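See the structures that follow.
Heads up, the next two complexes both have chain A, just with different partners, chain B and then chain C.
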Partner chain A sequence: MSTVNVIPLKVSGSENQIEHHPAEIGVWLFVFADMCIFAMYFGVFVWEKKLYPAMFEEGQETLSTEFGGLNTVVLLISSFFAAKAVHSARMLNIDAYRRFIKLTMLSGLAFLCVKFLEYSDKFSAGFDIATNEFYRNYFAFTGFHLLHVILGLSFLGWLLISVKTTEQLKGNVKASEGVGLYWHMVDLLWVVLFSLIYLVP
Partner chain B sequence: MTDRKPLIIVAVVSAVMTTILYAGGMFYVSGFLPPPSPALSQLEVASFYQQNHTAIITGLTMAFVGTGFMLPLCVIGSVFMAEVEEGFPYFSVMQALCALATVIFTALPNFIWMTAAFRVDRSPELINLLHDLGWIMWATPSWGFAFQLICVAIVGLKDKRPKPFIPRWMSYLALWVAVGVAPTPLVPFFVEAGPFAWNGLFTFWVAFFSPILWIAILFVIIVINIRNNEQDNHQGDLAGSQL
Partner chain C sequence: MMPYVIRDKLFLVLVALLCITLLSWLLISSVNLEEKSLGVMILLLAFFKVRLIAIHFMETAKAQRLVRIAFETWGVVVGGMIIFGYLMG
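For the complex of A and B:
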């Protein structure tokens, strides 16, 4: 009798019947389409760098890798918090979930502050979007990325406002995964932007 | 519940009219699209208006009539959206109002360019002024259209019925288009041609064709849906959820 091992149906219970792919298919579509636009940005940047090598080299030297690097670290940390928030959503742990959403938002806000300092630094040094091709790309691309961060913050804020109980969290696991996925994309794009604009010689 | 079939027919007819009149007038007859480079010299711009006087006025007239047909299309969209919303249909009304803004900002530059072409002996400087004014007005404001798409996406994502009025992924795609048109306020910064000039990669090619792509996909879905639902007399949703 005892030779048959009864395998428990509920395996750990941590994943709570989540389907195999996280987030809705539409979020993936959004991420794919958005990355196509960013791929065009990267293409334009590389192409113009070939056209005006001296201008781009000179421009890159005026950029602050300290601010850029700090923002990379800030976003990587925020991505960690976002991943923890999604994990807590799957565990239906409302307290941890709200804490990690708040921490993600705080890191996002820190990114905005560093960006503000960096931009005002550039403006006071006399550079703006119309200075030359390098600065046009720098301000337009990082500005477009900044818009994505602000959008991400508003999605996180919406989750924070609308999910206050375990019951509400149950209906918002997919939505949290979607926001988490978006936030990781924003992080990834910043890493590429940072290396491309600030670092690559 | 309103009978949907006539509405869908009107929407399709308006979309076809907009496409034929606007694309025909702007791309084919007047040659305004794709946009000329902002870096053209004063004399080049002036001679363009003086030599194509009649074609420009004909094409621009076709185009502004075509933009008018966007209104029935958008208002019908709001009819479908309003059935999802509870209470006052805020986002549906907002969508229709923003459609009006889109139509006005798309049609108004046509009259400015027409003014430039109106008197053949107008001085090149003044032609240039009107030319710039028209292009900046045409290429810069994208907020009306972005708000329309955001409203559609919000209502689309709120729609929990088994047959939503558009598939959920179309709402996400609408949000992407709203983000894609966001760089257009950069247009007035750039006199030289470049990716953010009024004929640029991001401010014209992406910002103009991504909304068109979205609308085209919507119509493909509507057609597929109408075909699938021809037998059963179910109230055809705008684009259905089979997909």
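For the complex of A and C:
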């Protein structure tokens, strides 16, 4: 039914069950390394917040929790669509697969639009990366995350272009799992970023 | 349609994630708590969401053992580091 690798797993000493490991180990390593880089960013943010508490409090008050919250909802929904796309890939359901990839991309594009509005709002209010330490962190971290969203959208676009038939889907189940994994990481990192930068007083 | 949606585990996870997001938002906007307690609660909710995403969307539960350990460790270490740093600030 599927060309994905399966690994036999011995259960209860007698019964054999087929366990499927999602995505290639290399993709997991890449994703984990990226998460560790972001972990250092989180550490830097907390450290600088400790050094400049008043500046960070003032800076946070200028942020829009509405934009940030909306983008959190958008990314969570997009992650759900990505998970459904991976599920459809395993079922070799090409119609559902392509529909969910498109929905994931649409949600990602919605994230970009909200981010564009948010950044425009900040620039027009006179804030930029050189304003102070808070805004340096805000633009650096959210900007780096934004690059990840754009890269994820490129991967999804590549899947949409290259997988049009069930035959093509058969050979791209692992690739779809890898792209899905990357997209979930983008979502997961935003969840922490949003709480840390926009919400935590 | 509705019974199918209710049986869909991924959809239920999405609903849980959205409810936790709403809860964090409500905590910030309406609950009158001491600042540090509020901050810690929001961070704990965020890392609970991280775990839900990792287990159910990324499927770490079905991944190799090393992957599961690495992701659980990341959550504990990074979450712990942020909360510790925040409380020390």
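Please note the rule applied: the second predicted complex is superposed on the first by the 182 of 201 C-alpha atoms of A that agree within 3 Å, B and C clash if a C-alpha of one lies under 4 Å from a C-alpha of the other, contacts with A are read in each partner's own complex, and residues count from 1 in each chain.
Definition applied: contacts are C-beta pairs under 8 Å (C-beta built on N, C-alpha and C of every residue); 3 or more make two chains touch, one makes a residue touch a chain.
Owing to the predicted nature of the structure, the values given are computational and were not obtained by experimental measurement.
Contact with chain C, but none with chain B, is seen for A:L76 once the two complexes are overlaid on the shared chain. Measured by the number of chain A residues touched, the leading partner among chain B and chain C is C. In the superposition on chain A, A:A130 makes contact with chain B only, not with chain C.
Using the contact criterion defined above for the overlaid structures, shared-chain residue A:V191 touches chain C, although it does not reach chain B.
When both complexes are overlaid on chain A, the residue A:H148 reaches chain B alone and has no touch with chain C.
Once chain A of one complex is fitted onto chain A of the other, the partner contacts of A:F30 are limited to chain B, with no touch recorded for chain C. By the touch criterion defined above, A:A140 lies against chain B but remains apart from chain C after alignment on the C-alpha atoms of chain A.
Contact with chain B, but none with chain C, is seen for A:V44 once the two complexes are overlaid on the shared chain. Chain A residues 25 lie at the interface with chain B in one structure and with chain C in the other. For chain C in complex with chain A, the touching residues are 10-11, 13-14, 17-18, 21, 24-25, 28, 35, 38-39, 42-43, 45-47, 49-50, 53-54, 56-59, 62-64, 67, 70-71, 74, 77-78, 81-82, 85-86, 88-89.
On the side of chain A, the complex with chain C involves touching residues 19-23, 25, 28, 32, 35-36, 39, 42-43, 46-47, 49-50, 53, 65, 69, 72-73, 76-77, 79-80, 82-84, 87, 180-181, 184-185, 187-188, 191-192, 194-196, 199-201. By the touch criterion given at the top, residues 24-27, 29-30, 33-34, 37, 40-41, 44, 129-130, 133, 136, 140, 144, 147-148, 151 of chain A touch chain B in their complex. Taken together, the chain B residues at the contact with chain A in this complex read 168-173, 175-176, 179-180, 182-183, 186, 189-190, 194-196, 201-202, 206.
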